[in-house]
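Below is the structure I would like to discuss, written out as structure tokens.
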Amino acid sequence: MQFDPFVIPFNLGLYFIILYCVGTCILWFRDLSRTDKLRLQRGFFGRPFVWSLREIFMESLIHRKIFKVNPVLGYMHMSLAFGWFLLIVLGTIEADVFGDSHLNPPSKAIFFRFFNPEHGAEGFARGYSFIMDIILAFILSGLMIAIIKRFWSRIVGMKKTTRLKTLDKIALASLWIIFPSRLLAESFTCGAAGSGSFLTGTLGSFFADFLPSSQMAYPFWWLYSLSVGVFFILLPRTRYMHIPSELFLIFLRNSGVRTGDKYGSFAEAQVYSCSSCGICIDKCQLNSSAGINNVQSAYFIKGLKRNDDVYDISLNCLMCGRCETACPVGIELGALRMIQRRAGEAPEDMKTIWTGYMRERNQKIRNGLNNYTKVFKYLKPEIIDTSPEVLYFAGCMTHLSPGIASSMEKIFEAVGVNYLFMDQEGSVCCGRPLMLAGKDREARELIQHNTSTIWSSGAKILVTSCPICLKVFTESYHLDLEVLHHSQYIKTLIDEGRLDLKFLNQTVVYHDPCELGRGLGIYDEPREVLYHIARCQKTAYERENAPCCGGSLGNMQLDSRKKTLIASDALYDLTSSSSDYLITSCPLCRKTLRKAEQNDTPEILDVAELVVKAISDSARAEKLYHEEPSEEVINVETQ
Amino acid sequence: MKKFGFSSIKPRVIDYDRNNRAVMEYIMENEPSFALCIGCGGCAATCSAAQFTDMSLRKLNILIKRGENDEVRRLMNKCMLCGKCTLVCPRGVNTRNVIFLTQQAFRKLDNYAV
Amino acid sequence: MPEQYDRHIIIVGAGAAGCTAAGQLAREGYRISLIEKENEPGGKVINWYQLFPDRRKSEEVLKYLRDEIDNPLINISLNTTVESIVKEDDRFIVTTTRGVLTAADAILMATGFDLFKPERKEEYGYGIYDDVITSVELEEKFHSGTVLTSKGVAPERVGIVHCVGSRDEKVGNFHCSKVCCVTAVKQAIEIREMLPGTEVFCFYMDMRMFGPYYEELYREAQEKWGVNFIRGKVSEASENIEGRLLVKVEDTLAGKPLKMQVDLLVLMIGMENSLSGKKIAGSLDLEIGINGFFSVLDNHYGNNQSNQAGVFFAGTCTAAMNITDTISHARASVVEIGRYLKSKEKRVVL
Amino acid sequence: MKLEGKKRIWKEFQKEIPDDHFFFVRSCIRQSFFPGSEQFLIKLLREELGKDIYEDPRHTTCTGIGYHSDVVPFETIQTVVARHFALATERGYKDILISCVTSFGIYEEIVETWKHFPETLEKTREYLYKATKREFEVPRTILHTSDAVYKFKDEIAARMKYPLVDHKTGEPLKAVEHIGCHYSKMFPKYGVGGAEFPHTLVGMIESWGGKVIDYPERRHCCGFGFRQYLIQADRGYSMSNSKKKFESMEPYKPEFVLANCPGCTMFMDKWQYTLKEQEGKTYGVNGQGIPVLTYEELAGLVMGYDPWELGVQYHMVQSEPLMDKMGIPYDKDKKYIAKDGSKLIAPKNLINA
């Protein structure tokens, strides 16, 4: 006999989920822009396909990234994903090799033991069922951790774990039941048949001594089939949808599809690929320093899935990008938030159809760009006719820490470059802050204004002291000149040997500003400048892992007290090792961190300010000599 | 109607009891630090926009509180949201969010016009 | 038996200053006659319900003052008014409504202050419109436990007018009474606490939060209690047809005139030198400063001495002060009196 | 509202008003717009009360409006006023009775200036002497005609035929009193009852049986404001002030406005017409306007004089509804008959007509 009614739930679940996934993939594909479709097609028949397979293996089965962040968590995911994968593959093979027929339906592979109770008594089959038992044990070990994590998340080294909704709970329960029920079902069957290996066999014979194994087995097979079936059927409505979605996402990503600035199926695929693992929550300083724990990316995306109005959540974020770098699925969290910010708040009646609403809003906004009345009419075009070599744009924030601007001027003078201080009289904002508030159209006005001013100058290099400005200059301005952060510019000066610096016998710690580091990937230039003038100290909080100062313009809602909390924590981390200076390269970071200064914190300076300290006296002396003859010379004359 | 060459003038007085202060309530609710303003004018002094136009956040704050909405509408969009004001405010008012919320509040009033 | 035991000092006024000084001088062993025109010691502190900035009950301070003067060397005569003080070489002859007290070696003027008479600011309609009251009357309402309008209902909106009779050339007072600002803030908080549904508006010219924890209280009023502050001096109050008060003020920060209806208008009346004090000053020909208070010998290191050797000042008869400063000032006067009497002894010996 | 409170203030601002021998000077505006009023004042004082009131035909305008419009310098107006004093001195009068509140203010201002800067008095004596060979004494009291009427309000009440009550119901009539700014806002001590709660008109209304309403904008200026009304384009400012007052008094349903300043009477009367034409709005009960009367007109009415002789018909807002309420009889046909019996042209677009 090769059929039994208990396999029905399993089969239903299995075929349902297969159909559902295929359907979704088709919908998503249809929704892609034409170029993205082409990308995907090219990708499917090209190298990206191979990469994707590799990535799927490494990430979706082995979960390498999670391993990196947290081994225990990694093992948990691997044991469940990879273990189950093996169980299915080997199960199918087993059924194929030892079964009486070939090409069996999946149910036969899954419930192989039920249909062949005596199998694996001796010989090769014995060894094979031994392997199957190992895999089962492997999975169960992972399951154990999962259960522990759910109830005592700290044990597995996680401060926070995501909160669940009821469907998730049911799905989770069924997932938890699957493997224990399989274990018991198999054990009883083996017990009755005297077959099975070290796990199922021993457990089986143990039960057999005092339980009517043959009768006991059957209900557990039902339970096993049911739990799997339920799990599959619930899958689409729960976070476990991330398992199939991620596969699709990986293909899209490897084929070169990106989020962009509007909501589409790639964004949707990302949303559904979020497993709510909660790593982002741990990474978020709003959580760790300011005690805000309902706005992190995991909750934001969960909100998106549930069609909640997540506008407020989207605004309460530093946009520091720490979660994005940590996300094991590689979801572009920043981009998703920006989409929501641009879309704005959903009116009551639209909250329940978020995806549709987002598409509509994006359309409206794009139309709005055309029939939009200017708000910055008061800005009159500025013309710079003295064509300087370097155009220096300090930026609004730099005007509040003038030490940086004046240092830059000293540097320009020291190298005798022909420069122009573009916003000496005060800046027209670069537009980035408006963008961060989701006001692209308004930002566009400022961008146009500044662009025309910059073009009119005919300068070759645009140097800015503010990473916020730099980001928008490089990403959203169309300029015909080289745009550099002052740290980059200083580096080129040093490389060209135009700036003669002496080594200050001091140790410094460098803090990577979010916009400059994670935002633009500029990690090395500031450091290389520092190597020339001081001893740089390494900390555990560098580069991608650098903390945010808390002052970010990305967050609309954070109040000043909480900003300071974040700043002082960041300061504590950065200054744990004793150093003479804490160096950063962002006026806003500098100001925010200074707000949290204790009397034992080292002086906080911008890289430019330290460079000025290091401009060698010979250079200065030379200047002096040319200006006025020194005392001694005269004395020599008289003698 | 006869032509007299003159007509009566709308009073400049803030009629507190007639004015609609819904916007103020909305902001108070979403940005409580709004209440802390002492009208020192630090924000207005540092304001990037104020160099080019008559934007004054200090004034805007008061006008919002008094429900002088016409003038608030006129001023609020002149802000570049650059955030300097927030850094100088001695009372730690989240001024940037105040303006942002004001614009939002009026968008609500105008029923979510993009 | 040391000289000083038969040294006799007459202190005029048993308020915060009088009581403090009396207690301290008695502890030093001087004989004190404490003269008070009211029927109990404590002065203006009695009017108050809670005190800024910590809003402790005024009774506690009153108790302190009463304990201070609980001393056999202090002879306190209540319901007594000083009619004149005459100086005969180093002695002072004090005539009161109870007859003549002779042979005082020194006089301490602790005559305190009078509250500004709000009727003098006619435009606010005190005594004409039913719901215009003074800060002191509001304290009485706090004592009674409820703040109601003349119609016997809780006010929907209360206006508090700062600087009534202070910094106002029109009533001949140039000085700042110092304590009104923080009193206004304190009372605003108390109203909000008692009647959470009531809006409170303070109309101020400047917020002069000069003392410790005053600014913090101001911040608390804004942050925790949602008290509203409008910068501008109320120009006039009038009653509308529902009998609500219509207040006119310029919102100087908005640069526009503003009118609003309130159900209760509280006038923060300022301090003036007490009339009774001035009368005595006449007989002693003490100098009066431009602020109407007694002028002290030196504004920095002689603010307890008068232009009359042997006559000393303590507390608000020299300037507007809060209780803390009054008590310190009174304690300082003790040192000055002591030094003065010692110098006299020396002269006797030589 | 506590009346005793007001009484207290009124006590503080008591004004010495002599009860005989007045040197009368006219008001430019009043004698042209409400000729009946000054006419009746003289009649009232001379015939009704048998007082000595002297009017010198040689007296002129005080040039006050010119002064307030910056076309007449202070020295000049001092000399003009000094001339009036001289005329009074020559006739041996010590108390000047001024019909116009603007002049009243000017006279006060000048006398106060002389008090504080005696050299200006000397200069003025010099100027006047050079110009006219006249010399003068500074008068003992400076009176406004409303002060005089206030002084004799009880005598008038004694002669009263039609008290200020609804003759049907006996209800006292609700009245708005409006004091000219220059009557007591400049020098409260010269106004009966001071500046905040003046008693001059209140006293008349109350002793003649009426009820004064205290509305929020009671203190507000009528908007006359010399400069404003002189330039046509600026009259909007002027009118807006009156409008503000009307809007504020409207809910109290006043029967009439009593003013003691020629400008106020004229503008609060005429602006009602303009506002009706421009904004189609009137502020009295059931679409009517609010009659604005001078205190002499009111005195005359209560004493039962013929309204047409008092000249109440020479207002934009007609007083018939008021007179009906008070039960005063009047003959419609005689309304525009001149003294010589000739028929005058009846003005158009009157309110309440």
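Should a chain be cited, it is by its letter among A, B, C and D, assigned in written order, with residues numbered from 1 in that chain.
As a working rule, contacts are C-beta pairs under 8 Å (C-beta built on N, C-alpha and C of every residue); 3 or more make two chains touch, one makes a residue touch a chain.
Note that this is a predicted model, so its numbers are computed, not measured.
Visitor: According to the touch definition, list the chains common to the neighbour sets of chain A and chain C.
Guide: B
Visitor: Of the pairs B-C and B-D, which shows more C-beta pairs in contact?
Guide: B-C
Visitor: Using CA atom means as chain centres, which chain is nearest the centre of all the protein shown?
Guide: Chain closest to the assembly's C-alpha mean: B.
Visitor: Roughly how many whole angstrom separate the Cα centroids of chain B and chain C?
Guide: Their C-alpha centroids are separated by 40 Å.
Visitor: Could you state the distance in Å from the CA-based centre of chain A to that of chain D?
Guide: Each chain reduced to its C-alpha mean, chain A and chain D end up 83 Å apart.
Visitor: What whole-Å value do you get for the distance between chain B and chain D if each is reduced to the mean of its CA atoms?
Guide: Each chain's C-alpha centroid was found; their separation is 46 Å.
Visitor: Taking the mean of the C-alpha atoms as each chain's centre, how many Å separate chain A from chain B?
Guide: 37
Visitor: For this structure, enumerate the chain pairs that meet the touch criterion.
Guide: Those chain pairs satisfying the definition are A-B, B-C, B-D, C-D.
Visitor: Would you pull the chain B residues touching chain D in the complex into a rising list?
Guide: By the definition above, chain B touches chain D via 1-2, 4-9, 11.
Visitor: Residues of chain B touching chain C in their complex?
Guide: 12-17, 28, 32, 35-36, 38-39, 58-59, 62-63, 65-66, 68, 91
Visitor: Spell out the part of chain C that touches chain B in their complex, as residue ranges.
Guide: 207, 219, 222-223, 226, 228-229, 231, 251, 253-261
Visitor: Quick one: which bits of chain B touch chain A in the complex? Just the residue numbers, please.
Guide: These residues of chain B touch chain A: 31, 33, 46, 48-49, 51-53, 77-78, 80-84, 86-89, 92, 94, 96-97, 100, 104, 107-108, 111-112, 114.
Visitor: Provide the residue numbers of chain C that touch chain D in the complex, in ascending order.
Guide: Counting only chain C, the residues touching chain D are 119, 122-123, 125-130, 236, 238-241, 243, 246.
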